[in-house]
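There are two complexes below, and they share chain A, which is joined by chain B in the first and by chain C in the second.
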Partner chain A sequence: MDLSGDVTALVGAGILLTALYLQAESFVNPVIDGIALQSLLLAGLLAWLAYREGSLDLALLAAITLAVRGLLIPYVLRHQIRSYRWRVRERLAAHRVTGHALAAVAVAIGAWFIFQETLAAAFPQPGAGLAFVLLAEGLLMLATRTNTLVQVVGYLEEENAIVYAGALFAKGLPLFVEVVVFLDVLGVVLVSVILSAQRTVIGSPEETHLEELAG
Partner chain B sequence: MDPSAQIVNVLQAATVLLLSPLIAGIAARGKAWTESRRGPSIFQPYRDLRKLLRKETLRPIGSSIVFVLPLFVAFGTYLVIAIIVPVITAYPLPYGSAADFLGGGLLFGLAGTVTLLAALDSGSNYAALGASRTVSFAAFAEPTLIVVFFAVAVIDGTNNPYVTTNLLAGSTATYLAPTHLLVTAAFLLLLLAETGKLPVESAGLMELGMLEEGRAFEHSGRLLALFRWNGWMKQFLLYAVFLNVFLLPWGFVPGSTVLAAVANIGVLLAKQVALVGGLVLLEATLAKVRLFKIRDFLAVSFSLAVLSVFVFVVLGVP
Partner chain C sequence: MIDPSTPFWIFLLLVFPASAGILAMVPNARASEVVARVGAVGAVVAALALRVSHGSGTFGPYLGIDTISGVFLVPVTAIYATSVWYSREYLRSVRRPFLSPPIYYALLSAFAFAMIATLVVRDLGLMWIGVEGTTVASALLLVLERRPTSVEAAWRYTLIASAGLTIALFALLLLYASTGTLDAFALAAHPPAATLAVTMAVALALVGYGTKIGLFPMHTWLPDAHAEAPSPVSAMFSGVLLPTALYAFLRIYRILPSPTPATLSTLVLGFGVATALVAALLLQGQRSYKRLLAYSSMEVMGLAVAGVGLGGIALYGALLLLVAHAFAKSSAFYGAGNVLQKTGTTRMADVRDLRHTMPRTAGAWVLAAAGVTGAPPFGTFVGEVLIVVGALALGNLLAAAAIVVAILLAFLGINGQIGRMVFGARAGAEAPSPGEPPTAILYLNLGVALLLGIVAIPYLTDAVRNAAVALGGGLP
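So, the complex of A and B:
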């Protein structure tokens, strides 16, 4: 039995499942928990690959993923959300579970076909299309959600897709590149938190509330 | 034809017929415990049946044969399903090849549709409300069922439930494969919706949804007994399929003898009681969703089913 292939597939399915959960979840707190879980799954996969390959780079990457994406960034986001008043931190009416869940499935299938038509020949590894699908799911979150914090989570999902692709294609990108990506993510999160903090004037991270101020 | 196989066939149908009220009784008792009530005896459904079978049957003015006949058709259909799906054997019985998963699904659909006709023919607004609501949500549940069948076909290359049972029981890798885990989760959500469990429906003391209960408003006496019995048989069969094909395909006493089949009745009962216990705990932790949110619940179930097939395509593993 090819245990390594099975573990990669199982974790890949788990990552895809968390992507669907993120799309279908209306509340911000569980969305943050969801991206933390997705990052932990990714860190687990990286640790498994590091063990299998005997690679120190991948082991470090797994540790960074666990610390930054699995723990630090979710902590910062959770801390941020507490500053918003109850019941105004998310606008539930803007999120339709059925629509978003079905859109997530449609986008996944569409992204898979696009990958097959364009990149599949260059990246024949099993599961390579999953990274592309995850990227599309992150983009969908950015495009369809109106909450700043959820949009940050969408961006994190895109970055998870890049790390997953790196782990799958090249047995891990050079550590330097990965560190730069993580700093990039950390920077975006910090900027987003500052932007969100400015919105405490209206007490909500929802973009739609800002529209009410338009002259 | 092997006479012992015919005996097992009859035994299987009798198991569904006679034990389905018991499982409903155990579920009601378990639910009462979680609500700090003593609850009715686990044999209460049998007493209810006896009471209803003795009572006078009334028919609304203007109702036709459609008010009566569909319940008998549904009763017969569930008995037919009972001899073609794996209930107390892991090997196909003489009529096992008569229908695969899709055929079984169509038979469930037939029973559900004729029951709706019986409700509509009553002329009651409440029964019609229950029927229309049931159809509204069934429209979202059916696609999930179809995709679940696709996923099963992906796993074992056929839609025969007996093949799936034996394949999953014999291969841990296939059992733990993402496609199987996801399709099991999708089927569980569907099971909750189809059997009227929380968070979709709360039948009994806190009837709110008017889905299952609403349809039987105008039926009384023997017809109501048949209505209830049909519901319990449907629940028993769906539990049996979920347990024997998806969740717990192990534990069958090997052999094709009548004695082995009798022993398997005990095994099935133990599995069903464990499942009922799990569902009771699940119900104790969940609140009922609002009526229009049931669509969201079923959409997630559908998404999981599609994802199970998608995972196979993307990752290349069952």
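So, the complex of A and C:
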């Protein structure tokens, strides 16, 4: 019995649920736990695909996903919270939980619809549309949240969408390219952490100076 | 036939800035500056050698250059070099810098390396890494002056540019899934069919790379980052970073079979024209001269993207515009750095009578303002005229009119504001102390922008003649 489609769809559903959960969560620590869980699910899916296809490249990607996004980056983000004793709850998001949740569902439906109308014929693999939805959810998170660490999580969600899409419909992408993309993402996260630390030295991680950047 | 020296020059192009990026971290300010200067000069020499030898071809699975990358390499290395040179005086004027000089020069060299790498790789995935690498290398440079607004701008830049580039990466996945390769040279030689998936990939690449290019409405990071960065970094941002991102998009756009599907060329043209118009309008209300210059860069990128969408002679104009603009705009930002060092403010209302207080900088600034807004005989003038001529040759009068309006608005807005700062009478009685920072680099880059215009004028004549013929007219 071929379970590959069922497993992909099941893990894909789990990833989608974590994406919707992240949108509605205003506490920062659970948001970090949520992205770690999403990355672990993704690593599990990659490992399953690697086992099924006997692909060493996919196995390596699974290992890197587990190590970098499932463990290392969440650790760095949690450490950041402890070091600077940041608020554990995002101030603005706490008042907008319902709005964020509704927006997340609306974006998911919209992205799914766009994928079905434009790309579904070219990419009929089970779960391919979910990668597109995940990308849109990551963008939504970046656009609607103000806490720096939560924004980093939004970026990581976008990157998870890329890895998910790559594993589903762009198999054979040179491993060298994928590994360097991972390192690059790590670089972005490190820069973000330094900047958010500096932001904390100056003010709070949610305070902005938009008035002075007018124009 | 491939010139055997070409791989050697490409190797040097990469090794010089990469080595400078590593060696500049020596804990000695003077030594790090020397290392960065050697790295920058080495890169310029390698780029010029490639230009002179017309080096092109593919080398191994990852490297490759052609005439398109050759056009971008010289300005990237040249502006890197002039920014390294300009940095010495500028760094002295920064109180309590966030970065020590060794780290500053290391990041500046890494930033240049990422741009050069983008231009000499043949794999679109590696090209994406190069563009994203510019974000990683340059984000911390924005925080040099430790202002809260700088940190905010750096944060926005990192998040918005990276988020946009993720869309570009998704586009690359679609492209790879549709074609089975990301080799830009192979794809250009054997264009894939313009299926819906390929068309979507190119459209998403426009949105993704468009974020980094500064296209409306994804441009929001651009004025903040350009205005808050130290002037030498602003010069690299405006002069060469935005064109490097456009280069990455151009590589993807170029794989489409000829003629380009009308939907896509219209989309590219629309984004370009809208960006130029919005930037030309927004720059009218600016209060900071650095933000004014930033919106000017956005306007120029809009014109260049419109040229790409129009194709033909307009594409030639777009490339010429980008190269000439790189030199003129870097000069304008160095001038802004001089003014900031002297006056301590970026508010235009507080800067007056520069012709008496900083005569050499004022002279260069007036010329640079003329250069970036396409005044004759700068290369930017020829480039802008060719883009308009290209639109007219295609019979696209609406686009031509919109482009002309954007050019005129930007010309009046920028030259008017710079003119007020240079020639306007000072309200306060207190005159600044005598002396001004060095200006040789400002005039050097202006000279190049001017030379490009003079050299390109014969092409303008040909272009106008050809456009007239295409419209059914011409000489008897």
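Keep in mind that, in the parts below, the second predicted complex is superposed on the first by the 192 of 215 C-alpha atoms of A that agree within 3 Å, B and C clash if a C-alpha of one lies under 4 Å from a C-alpha of the other, contacts with A are read in each partner's own complex, and residues count from 1 in each chain.
Here is the rule we go by: a contact is a pair of C-beta atoms (placed from the backbone, for glycine too) under 8 Å apart; a residue touches a chain by one contact, two chains touch by 3 or more.
If you're wondering where the values come from, they're calculated on a predicted model, not measured in any experiment.
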Clash or fit (per the criteria above) of chain B with chain C on chain A: fit
Which superposed partner A:17 touches (first chain B, second chain C, both, neither): first
First (chain B), second (chain C), both or neither touched by A:187: second
Which superposed partner A:138 touches (first chain B, second chain C, both, neither): second
Partner chain in contact with A:161 - chain B first, chain C second, else both or neither: second
First, second, both or neither for A:148, with chain B first and chain C second: second
Which superposed partner A:123 touches (first chain B, second chain C, both, neither): second
Partner touching more residues of chain A, whether chain B or chain C: C
First (chain B), second (chain C), both or neither touched by A:102: first
Minimum distance between Cα atoms of chain B and chain C in the superposition (Å): 18
Touching both chain C and chain B, counted on chain A across the two superposed complexes: none
Residues on chain C engaged by chain A in the complex (per definition of touch): 98, 123, 125-126, 128-129, 132-133, 135-136, 139-140, 143, 148-149, 151-155, 158-160, 162-163, 166-167, 169-170, 173-174, 176-178, 180, 182, 195-197, 200, 223-224, 227-228, 282, 285-288, 291
Touching residues (chain side chain A, partner chain C) in the complex: 118-119, 121-123, 132, 135, 138-139, 142, 148, 151, 154-155, 158-159, 161-162, 165-166, 169-170, 172-174, 177, 180-181, 184, 187-188, 191-192, 194-196, 198-199, 202-203, 208-210, 212-213, 215
Chain A-facing residues of chain B, complex: 173, 176-179, 181-182, 293, 295-296, 299-300, 302-304, 306-307, 310-311, 313-317
Residues on chain A engaged by chain B in the complex (per definition of touch): 1, 5-6, 8-10, 12-14, 16-17, 20, 24, 96-98, 101-102, 104-105, 108-109, 112, 126-127, 129-130, 133
